[in-house]
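Shared chain: chain A. Partners: chain B in the first complex, chain C in the second.
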Partner chain A sequence: MRKYYEIRGWLLTAPYLIFTLIFFLIPLVWAIWLSTMDWNLISPRRMFVGFGNFVTAVQSSKVMASFINSFKFMLIFVPLSIIVAVAIALLINSLTVGANLYTVAFFLPYLASGVVTSLVTKGLIAINSPVNRLVVRILHFQPPWLSDPGWATFVIVALIAWKFSGYYALIFLAGLRGIPKEMYEAAALDGAGPWTQFRRITVPMLYPAFFTVVVLAVGLMFGIFTEPYMLTGGGPNLATHTWQLEIYYQAFSSFKAGYASAISILNAVATFAGVAVVRWIMRYWGRAYGYEQ
Partner chain B sequence: MLSKRSVAYVTAAVFALTALLGGCGGQSTPSEGGSGQGEEVSIVFWSAPNPTQEKLWTTMAEKYMAEHPEVKIEVAPIPESPSSEAGILTALTSGTKLTASENVFVGFGAQLVDSDQVVPLDTMPGYDELVKSRKMEELVEGWKFGDGHQYIFPLYVNAMLFSWRMDLLKELGYNEPPRTYSEMIEAGEKLQAKYPDKYLWARRELIDPSKWWERWFDFFALYYAASDGAPFLTNKEVTADRDSAVGVAAFIKEMNDKGLLLTAEATDPFETGLTLWGVQGPWVLPTWAERFPELKVGDQIVLTPPPVPDNFPAGKTPKTFADAKGVVIYKNASPEEQQAAWEFIKWVFSNPENDATWMEMTGLPPARGDLTSNAAFTSYFEANPALKAFADAVPTAVPPVMSEKFTDLQTQMTEEMMIPLINGTKTPEQAFEAVKAGWEAMLK
Partner chain C sequence: MVTSNKRRRTVALYTVATIGALISIFPYLYMVMQSLAPWNEVDRRVFPTTFTLRSYQFLLTGGEAGLARPWFRAFFNSFLVTGVDTLCMLLVGAMVGYALARLPFRGAKVVRNFLMFQMFYPSIILLIPTFLIIKTLGLNNTYMGMILPKAVNLWAIFMFSSFFASIDRELVEAARVDGASEWTVMSRIIMPMSTTIVTVVGLVLFLERWSELLWDLLVVKDPSHMTLNVLLATMKGPYGNYPGPMYAASVLLTLPILILFIIFSKRFLSGFQFIFR
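Moving on, here comes the complex of A and B:
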C-alpha cells in the first residue's frame, strides 16, 4: 500500500518535475556551460574562456550600472509602491459598497501590457502633448522627463509602481480582512485613536503581507526590462540601465551568447543575495512583532 | 524508501512523457528535405516579418510551384524572437529547417559570413547574367564581402532623404530648401526668431544608446553626403574621411548648442510642424498618406538629399545612406535545396513584373539599376511621384558598414560621439578620435 502511494505521488508530481527539468534545469546547465564560452551559437569557432566572461562582466561599466540601478530603483520603488498599495487597500477595505469593483479597477494596470503603458507614457510626456503643456504651465518649466538621469529614473519607477500597486494592494487587502474587528473595538475602548490603531494593530497584523510584498518588490527590481527598453534604452548616461537590458543587448543585438549567459548568472546571484538580505531584515523586523520564523 | 521497481516505473513514465513532448516538435534535420535528381525538393523560405511581404513571397512561391511542380516552397515570416536577426540565429542554432530568407542587411550578413552560414551566391549558375539583366553591376559592388564573394542578393534599397516643411520655409522667406550646413543653421535661427517653440530638427535617437541603427539615418546619411560616399570602414580599419566625419559632428553640435536641436521626446514632430526638417525613408509615405493626408509631397513637404558642408560643389548630387536588405541562402540546407532556392530566387528577380508587384505591394524601391528608366515601372512612378524621389536616389545610396560587430560599433558611436556632443563633454575632433580608437580596438 505504501509503495502504491509512493508511486502515485511520483506520478502526480511527474508533470511538474518534467516541466522543471525541461524549462529550468536543462537551460540552467546549458547557461552555465555557455557562460564559459566565447560563442555566438552558430559559428564553427567556439572558444572556451573559463571565467573570462565573468571577469569581463564584473569590470563592465554597464553591468556595474545595472547592479547599482537595481538598488537605486529599489530604494524608490519599494516604499512608493507599498505606501500606495496600503492606501488603496485601506480605502477599499473601508468601502461598504462597490469594493470589488474598485479592487478590479486598481488591479487592471497589472494586467496591462508594459509595452502599451510605456507607449502611452511616452505620448503623455512628449514635448508637444497636451498633458506636458499643462504640466509646463503649472510648474513654469519643462521637466526633462527622459533626458535627465534623476527624472528618467523617477518616470520609470513611477510607471512600474503604478502597474504593481494594485496587485500588491490585493495582498494587503487580504491581510486587512483577516484582522479581527474585535481588536480595533477593544483598542478604541482603551482610548486608542485611528493612528495608534493603525500603528499598533494594522501594521503588525499585516506583517505577513508586508513580508510577501517586500520580497516580491525587491525581486522585481532585478528583472526590469520593458519600461526602460521602451522609454530610455538604459540612458541617459546608464541611469536607467538594468540587468535585463544588458542581457538582451548582449544576447540579441551583439549575439554574444556566452557573455550574456555569464551576466544572467551574475544577475541570478545578485537577485538571490538581494532577496536573502531583505528576507533577513524583514524577519528581524517581524521578531519585534512576535513573529518567529 | 522507494524500491528499485518504483523508481523504474517513474523513470519509464518520465521518459514516455518526455518522448511524447519531444514528438510534438515539428523540426526536421537539414538533410530531410533533400532529394536526388528528379525527385521533389522541399525548401523553406522565410520572408520579412510583416504580412505584406509574407503575402508577396507566398504569391511568388505559388506561381513558381505551378510552373515547377517538382519544387515545394514553404513560405513563413521570420519569427521575431525578439528580432528577425535573433530569429534566424535561433533557427540556425536549433537546426530548424531554413533554406533561404530575405530581410538580411550587410551587417548581419557579415556575421553570417563570419560564422560560415551562407552560400556565396556569385558561385551559383546564372548569377552574373541575373545581375546584368537588372543592371545591378555597380550596385552589387557595395555588397561585396572581404573575400570578394557576394553572399546577399540585394532586394530593396531604401535611400534616405531629408524632408523639409516648405510651408514653414516659405513663411521664413525661402523658395528653396537650404543646401549647406550654414544655410541650415541660418534657417533654423530664422525659424526660432519667428517661432521660439519650434526647432530645426527633433532627434531624440541621438542620445538613446539602444538604438544603434539610428546612426545609419543621421550620422552616416550626413557623412556619406559630405564625403561623397567615402567608406567609413575598410577591412577592419577605420578609413573614414576625417574632415567629413568631424564636419558632421560639428554640425550636430552646432545645432544643439544653438538650441535648434530637440532631443526630448516628441510625437510626430515633423508632421505636426514642431520642426522644419526630418530624415525619412520611403516607408514614411504610406504613413503620411494615412495619418497626415493634408501633407502633400511637393507642396507642404519637399524631399532633398542630405545637406552638405559649405565647400561641397554646387550642382553635384550628394550621396546618402541606403537602408538596404537582401536574400541569402543558408549552408545548412542540402546542395539540392540550395540549388532549388537559387532557381526560385533567380526566377523571381528575372522578371521586371515581379519587381513592379513588389513595389506596388510594399512601396519600397526594388534594387535595380534601371528603376527609373525601365518602362515596366513608368506607370507606377507616374501614380506615385513621391516614391520616385527615393528611387532617383538609389544609385547614389551607400549600404551600411560591413562588419560582424555592427551593433557594438554603432552603439559605441552613440556613446562616444553623439551623447558627449549633446552633453558638451567632447569637441567634434575628440568625438571622432574616440570613435576611431574604439572601433579599431573592437575590430582588432
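Moving on, here comes the complex of A and C:
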C-alpha cells in the first residue's frame, strides 16, 4: 500500500514538476543571471555589468514612477473598490426578488477583456460621445480625460474598479450569507441600531472576506498592464506608468533584456514587500476582532 | 405606517440596485449599439437611429480600404488556445490536487509548500526568460508557444487539492470496504461531487486565458496566429479611423464569454458562494 501511494503520488505530480522545472526554476535562475548582463535579446555579444542594471534602474525616473504609481493606484483603488463592493453585497443581500439576476448583472464587468473595456472607454470619452457631452453639461467644462495626470489616473483606476467591484462583491456576499440571522436579532433586542449592527457584527464577521479582497486588490495594483497600454502608454508625465509597462517597453521595444530583467526583479521585490506589509496590517486588524492566524 | 415605510424602503433598494446594474452593463450595451450603428453615428449617440451590419461586413471583408484581417482565423485561434489550455489546466489541476490531498506519498508536503511559495511569487520575473525559452525551442509564432507556458495553473491545483481534501474520508473508506475499486471510487463518488468545482474553476480559467494579452502579444507576431484579443489590441493603428469595426470586433471577443457565463451562471454563483464561504 505504501509503495502504491509513492508511485501513484509522484506519477500524478509529474506534469506539475516538469512544468515547474521548465517554466519556473530555469526562468528564475535565468532572470537573475540576465539581470547582471547588458544584452539586447539578439546579438551574441553580452557584457557582464554586475549590479549595474539595478543601479541604473533605481535612478531611473520611469522605474521610480512605476513604484510610486503602484501605491498611488492602491490608495485610490482599494478603498474605492471595497466600498462599492460592500455596498453591492449589502444591496443584493437585502433584495428578496431577483437577487440572482442582479448578482449576474453586477458580475458581468469582470468578464470583459481589458482590451475591450479600454476601447469602449476611449469611445465614451471622445469629444462628441453622448457620455462626454453629458459630463460637460453637468460640470460646465471639458474634463481633460487623458491629457491631465490626475484625470488619467482617475480614468484608469475607475476602469479597473468597474471591472473588479462586482467580483469582490461576490466574495463579500458569500461572507454576508454566512452570518447567522440570530446575531442581528439578539443585537436588535439589546437596542443596537442599524449602524451599530453594521459596525459591530457585519464588519467583524466579514473580516475573512476583507482579508481576501485586500490582498487580491493590492497584488493586482503591482501588475497593471492592459489598460495603460491601450489608453495612455504610461503618460501623461508618467502618471499612469506601471511596472509591467516599463518591463515590456524596455525588453521588447528598446531590447534591453538585462535591464528589463533587473526591473522585473525589483517589481517582484516591491510586490512581495507590498503584499507582506498589507497582510501584516490586515492581521493586526484581525486580531482586534479576535481572529488569530 | 410601518408597511408603507417598508414599501418605500423596498422601492428605494430596487431603484438603487437597478441604477447600479445599469452602470455595470452600460459599456456592454454601448458596445453592441455602436457596432450596429451607421458610421456617421458611431460614438455620437447611445441608441442609433437605424441599425446596420456595415461594421461587421467591413471587419470580415476589409472593406474598400483593403484592410482585411483574419478575424475568423483569430476567432478559431482564441478558441483553440483557450480551450486546450483550460482543459490542460483542469486536468493537471485535478491530477496534482488529488495526489497532494489523498495520496500520502513521501515528499507531498514539500511539493505542497513549494506550490504555496510559487503561488505568491510574482510571475513577472519569469516573463523574459520564458520568452527566451520559447524562442530557443523554436516555438515563437506557434500555437504551442502560447499554450505550453500556460498549461499548468497553480491556483487550479490549489483549488482541487482543497476540494479533494474536503471530501469525507469515511465515505471513500466505506466504499473501499464494500469492495469498490479505485476507479469506481473515482467515477461514482468523487467525479459527481466535483461538477461544481470544475464549473467554477473551469470558467475562471477559461475567462483568464481568453483575456490574456501580454504573453500572446509577445509570442505571436504573425497575424494568422494571433488571438482575437491580440488582433484587437494591435488594431489601434490601421483601424484607428474606423471605430465602428472596432466595436464589432469587441462584440466578437466578448460574446463567447458572455454566453458561456450566462449558461453556467446559476451553478457558477452557487459554487462561488460555496468556495468563499
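Criterion: the second predicted complex is superposed on the first by the 292 of 293 C-alpha atoms of A that agree within 3 Å, B and C clash if a C-alpha of one lies under 4 Å from a C-alpha of the other, contacts with A are read in each partner's own complex, and residues count from 1 in each chain.
Here is the rule we go by: a contact is a pair of C-beta atoms (placed from the backbone, for glycine too) under 8 Å apart; a residue touches a chain by one contact, two chains touch by 3 or more.
Because the structure is a prediction, the values reported are computed rather than measured.
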item: When chain B and chain C are modelled together on chain A, clash or fit; value: clash
item: Partner chain(s) touched by A:Trp10 [first = chain B, second = chain C, both, neither]; value: both
item: First, second, both or neither for A:Phe211, with chain B first and chain C second; value: neither
item: Larger contact residue set on chain A - chain B or chain C; value: C
item: Chain B versus chain C as contact partner of A:Tyr248, first or second or both or neither; value: both
item: First, second, both or neither for A:Val275, with chain B first and chain C second; value: second
item: Which superposed partner A:Phe164 touches (first chain B, second chain C, both, neither); value: neither
item: First, second, both or neither for A:Phe54, with chain B first and chain C second; value: neither
item: First, second, both or neither for A:Phe73, with chain B first and chain C second; value: neither
item: First (chain B), second (chain C), both or neither touched by A:Gly223; value: second
item: First, second, both or neither for A:Tyr259, with chain B first and chain C second; value: neither
item: Stretch of chain C penetrating chain B in the combined three-chain arrangement, among 23-31, 149-157, 203-211 or 221-229; value: 221-229
item: Contact residues of chain A, present in both the chain B and the chain C interface; value: 6, 10, 15, 17, 22, 41, 123, 126, 128-129, 229, 248, 251-252
item: Contact set on chain C toward chain A in their complex; value: 10, 13-14, 16-17, 20-21, 23-25, 27-28, 30-31, 34, 42-46, 92, 95-96, 98-100, 103-108, 111, 114-115, 118, 120-122, 124-130, 132-133, 148-149, 151-152, 157, 207, 210-211, 213-214, 218, 229, 232-233, 236, 243, 246-247, 250, 253-254, 257-258, 261-262, 265-266, 269, 272-273, 275-277
item: Contacting residues of chain A [partner chain C, same complex]; value: 5-6, 8-10, 12-13, 15-17, 19-20, 22-24, 26-28, 30-31, 34, 41, 88, 91-92, 94-96, 100, 102-117, 119-121, 123-124, 126, 128-130, 162, 166, 170-171, 173-175, 177-178, 209, 212, 222-223, 225-226, 229-230, 243-244, 247-248, 251-252, 257, 260-261, 264-265, 267-268, 271-272, 275
item: Residues of chain B touching chain A in the complex; value: 2-3, 5-6, 9-10, 13-14, 17-18, 21, 82-83, 85-86, 89, 92-93, 111-112, 114-117, 204, 207-212, 262-267, 269, 272, 274, 405, 407-408, 411, 419
item: Chain B-facing residues of chain A, complex; value: 3, 6-7, 10-11, 14-15, 17-18, 22, 40-45, 122-123, 125-129, 142, 144-147, 229, 232-237, 245, 248-249, 251-255
